[in-house]
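Heads up, there are several structures right after this.
Look at the two complexes coming up: chain A is in both, with chain B in one and chain C in the other.
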Partner chain A sequence: MTVNKSPTQSPSEEGVELGSSHSPLRLAAGQFLRHRLAVVGVVLIALLSLSAVFAPYLTPYEPTKLNLQAKLSPPTWEFPLGTDHFGRDVLTRMLHGARISLLVGLGVVIIAAGIGTPLGVISGFFGGVLDNTIMRLMDALLTFPPLLLAVAIMGTLGPDTQNVILSVGLVYIPVFARLARGNTLSLRESTYVSASVALGAPNWRIIVLDVLPNIIGVIVVLVAVTFSKAVILEASLSFLGLGVQPPTASWGRDLNEARRYIEDAWWLAAFPTFMIAASVLNMNFIGDGLRDALDPRANK
Partner chain B sequence: MGIWTYFLRRLVQVPLVIFFVSIIVFALMKVTPGDPVSIMLGPYATPETTATLKAKFNLDRSLPEQYLLWVGNLLQGDLGASIRSQEPVTDMVLNRFPVSISIALMATLLSLLIAIPAGVLAAYRRNSLWDYALMGFSTIGLSVPTFTLALVLILFFALKLQWVPIAGVGLRTLSDGFWPFVLPYIIPVVGLAVTTIAELARIVRASMLEVLDQEYIRVARAQGLGNLVILRVHALKNVFIPIITVIAIIFAFQVGNTITIEYLFSIPGVGSALINAVISRDFPVIQGLTLVVGIFFIGMNLLADILYAVVDPRIHYN
Partner chain C sequence: MSSKRDFKGTRTKSRGLTRRTALQSAAVGGVALSTALPIFNIARAQDNKLAYAMFGEPTGLNEFMYTEIHGSVVTTNIYDKMARINYDTHQSEPEIVEFKNEDPLTWVLKVREGVKFHKGYGELTDEDILYCFNHVQEAGTFQKGITHFPVVGATRRSKNVVEVKLNTPFSAFPMVTMGYGGSVMCKAAHQEMGDQEYARNPIGTGPFEFDSWVSGSHVILKKNQNYWRENQPYVDEVIYRTIVDPSVRLSSLLTGEIDIMPRPDPKDIARFRDGSEPGISYQSVPGWNWDYMDFTLAPHSPADFPTNNVDVRRAISYAIDRQTIVDEIYAGEALVTDNPVPPGYLGHRPSPIVYPARGDVSKAKELMAKAGVSGFDLEVITSDKEWLRRECELVSAMLSEIGINVKIKGMDAGTYGSAWFTKQFQADLEDITIVSPDVDSALWWFHHKDGMVEHGWQNTQVSEWLDEGRRELDPAKRTNLYHNVVDAVLDDCPYIYFNHVNQVYLLKDNLDGFKAGPQEHIVPLGAVRWT
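Here is the complex of A and B:
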């Protein structure tokens, strides 16, 4: 790959060389599609999202309704992935668990990117005392291991799905802030930002028109990476009993309950494990593909 | 700027970072929705007990006053006491931190022992079956949460094969015999190490590939030196630079990650204490343990930076 679709390249250069049919977006898309695993990842995650959305219509069972006559049934035609100790269909719970995982992932990236990116851009663009205060706070947050910080925050907020999104979102705010700040700092030195300053453009205009469009690529890559980390953190918190509360279906929570039956009912532990690993794996593939396509420094 | 000036400047930053971490830990306990005292006391709170508890935790004072009183106690080694068991948090830390640390240390050693040879071999035999197998394992290992791996290990090695017990870490001492003491550690440590083996093998492979691509390696090859000599004399030395610098980070990561492992295996470490405190909403314990862990991580980051400066003379101090 020699064509450079680096988003930090100056727009004029790109326009002259490549013409309108080779917009940066189109080049990035081409690069992404060449990454085979990433395409597989997108297809599988799209399928997972669709089945999560339409979960109530895909199986005849309800995720939380007890059916004690059918408890601990191994996989059969009636229950393709078996049933748990309350006779609840495991397939139904997996699909509803996907709702929780994807919802948490989505909420987390919205909070983390939505708060972290502006903080980092403002910090990097204006510098000074503001920059110092914001970044020292972010550094202090980054000191903690993610799971531990999330656990401590859950301790103050109380266990609940909404609080999982809040706490994990908070954990990843500094990661976005740091990335956004670093990229903003280097952009501020670029010729076209100096040109905008020389032309008398107000700060907000430079941030919105010159800085943001050029950092969006690396932010999108981080969003993909953070999404998969959020899925793992949700599963971990729920596994510890501090996240999603029963009877709501959650892969991590179901895995915790499967511990008691691990010797006799392998399907109870196997399918949540598979769902967590497979979705995180595919999200990581998407992240790799996006990095190849959007992060100019990652081209190898 | 010399290396000593760099160390000094790095050390001076430490109190500042600790200050910000203490602010965050303090703030964490102040954002609790609702009244922490009534959450802690539950439905049996009487106005008197509420008032006593509030006074005990200085909750009847202003926020800056509360912070200063808290820090004042911290400086005297007083981290507060559990509301449930009255046990001082300082004692908790002293009893439990060594357990977590020892497990993390073992997992770090295991990761190094496996990941370094595996990564070196993968780079050396690039694009071989071994290389693909290791990278495949690494990709999957990084996608699977620690506790699910540990569950799989429990199922096979503790329940099916019955080679090792599930519980028992921290319950026995060496005087009970070597194997009864060591066996309970195996699954927790292996489960903890898998993620870092996956990550470290990747780092080792990448840095080995980079080194093998250097001019001096090609020169050595052109001089007709054997592959093993090149590997041993020229390549490995430079591969160890990035590895030494990540050791502190990996160790710290293990300490953070023991939390699910400690829960799963009922290991009396800091992680399980934190989980118990969160479940019973024992705020002083959450606060104390979080702060101690935070300070521990500041120390590990400092250590990583110092190691980096010591082993890699090319680093720019700024």
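Here is the complex of A and C:
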């Protein structure tokens, strides 16, 4: 038996043969680049990521170092975004806070997509008792509002950055599992999967070569959306005192502390709010762009 | 109703909401609201009711079970104590019993007559007092190890006269056993209900009787019509609202939703301190408490962990700038200290005895070098009190100067308490209210080798001094003993003390009879009235 190409491979390989300008990846990239807001989102998130990585070199201050002589200073040339109640530079804390937010966002999508997608694919592909068991468990998790579930998990694990990633990641596993299962169920009935089965291809091969490549587009879109939701959830947990612990810089935590000074020091609330809103908005733009580029049904 | 021109230019009537009607409505609504809020306030005064803001939710109202600050704030007004602390004299006074020390091991209590329990549970008798002592011993309630440890048992000597036998002389018996641990509860009601039910439906003899409790929202107490103190209580009802956030407490006070609030945010205090806020008065008294940091020592922590080295603990104490904590966290409403004995207590000495108020970082660095420790990670737990979390941030920055990387772990009150009592932590930053004006309460439980919250400091000599201090009745000799204890604590630093925090309250200025006390969990309201 030498025929082992799956039908999914055929069009792309044909595309390569016909000319690389028509490859699905190029088509998607072209579609994405036509989405101006998505491109702006990528640029700004890239800038934010670079600022977070090089934060220690961008400002002369440390995020946790006290400077009580300069406390509650409004924005000046010396402190472009002002200082907080302990005299800490707000710009420095915003940049270091970005590290936490982006780290949590990244960790969360790795956990949620890394566990939720295989669970959904296995559930949808094999069906039966396994499907019922996995999906009822997922349904049970989905019955809780995300913030409530994250708070409950944090209550058990204790407040810590790693635990924030773990708890928020667990919250979003069912979302990935349901999406992956739904797409796998429709793919399982497709002709090329039936052909692979008829040709005696092992299940793992069908899942890896036929199913996963065809659902990766919608998963990538969900990754972008989940990333932004994770940033909000991390900020919410830290705002409630359950997330990142002081004195570590965190947008949500700093926003909570800013409530005390809302009448006296507007900059303390304004900049964390702006950072959270801007990062979430830009991630959502990227998500929209990816959806347009990767989800053919959305294009229609 | 408004009018506008149609396309022909003729005026027509419109029922739509225009900008003018919206603005008019808003103006009328605003005026109505601004006038209504004081009316609500006046209405409560006219109805002779009082609203008090708690900064947390009580866990229960049964004094046979451990009650935290918020539960105690409520139970202060439900239960009478056998003996009440006089904050002015620093002495205990008879409340429900007259007492005398017949010999060092025998206390004789005479029960006040004519005192009635709430809700028709009858008159207080010696049976109830006996029950309060003997139930602690038989059921092993939390008081057994804390306040009733020297009690052998109580017996009836004659009608309404009770004899309490001790196994060792205990100089703080009136303050600790009959004061902090001496809430008078109803034998019949407690036996009928059991602990859990009694915690939600308490029966006492105090100025107010329990009416209702909506979890997470409020507790309502009604006037005890049969209260034994003449004319008290003055108000007909007290509603305790749970308002955790200090800024919400303050806005609730300013809008008339509540009448008395504890613990205003220190940053807001200045405007009330100078009297510039009309209608609100401010009370502040030195607190019987301390903010502190303590450590689990071997065997409760690995023997090679840096905080088991006394020089590291001393370095930490030198690195703390206590004055900055007082200024930045409490806006000056606290007193710097390096030891656990507040002013007014037997054996008090002005601070600093050893560690300077502004700290001494170079001395701290020397001690770290002497200990051979260049730096380490230290996890510090604290409870959910927001001011302590800020204090942790400040201390974290101070300790970073000597290479200690503090990792703060904030916990809810229950988890924190469990970790603290079971010694499951590296270091702890918290505050404690001292339960009696006797110096024993400030030292024994924390520094005796058998103390409930000693965390590994097994100092036999200190334990002997503390035991002797309990047995000794001569104040001069006790003073010497407690000086020895404090000197040893300052030398070894099992606990490091920062400050005594004032008890600050804001209240309506047309309230009379409220007197801020030095203990956060004791807030009597029987003498409070509207003027």
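One rule holds in what follows: the second predicted complex is superposed on the first by the 280 of 300 C-alpha atoms of A that agree within 3 Å, B and C clash if a C-alpha of one lies under 4 Å from a C-alpha of the other, contacts with A are read in each partner's own complex, and residues count from 1 in each chain.
Everything that follows uses one rule, which is that contacts are C-beta pairs under 8 Å (C-beta built on N, C-alpha and C of every residue); 3 or more make two chains touch, one makes a residue touch a chain.
Small disclaimer: the values here were computed from a predicted structure and weren't measured.
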Dominant toucher of chain A (residue count), chain B or chain C: B
Touching partner for A:G241 - first (chain B), second (chain C), both, neither: both
Which of chain B and chain C A:F86 touches, first, second, both or neither: second
Partner chain in contact with A:R259 - chain B first, chain C second, else both or neither: both
Touching partner for A:G158 - first (chain B), second (chain C), both, neither: both
Touching partner for A:P145 - first (chain B), second (chain C), both, neither: first
First, second, both or neither for A:L48, with chain B first and chain C second: neither
Which of chain B and chain C A:R136 touches, first, second, both or neither: first
Contacts of A:A277 with chain B and chain C, given as first, second, both or neither: first
Chain B/chain C common contact set on chain A: 155, 158, 241, 259
Footprint of chain A on chain C - complex, ascending: 247, 265, 267, 324, 328, 384, 386, 389-390, 392-394, 396-397, 400, 407-412, 415
Footprint of chain B on chain A - complex, ascending: 136-137, 139-141, 143-149, 151-158, 228, 232, 235-236, 239-242, 252, 255, 258-259, 262-263, 266, 269, 272-273, 276-277, 280-281, 284
Chain A contact footprint on chain B (complex, rising order): 16-17, 20-21, 23-25, 28-29, 31-33, 39, 139-140, 142-148, 151-152, 154-155, 159, 252-253, 255-257, 259-260, 263-264, 271, 274-275, 277-279, 281, 283, 286, 290, 293-294, 297-298, 301
In the complex, chain A residues that touch chain C: 64-66, 68, 85-86, 155, 158-160, 241, 245-247, 259-261
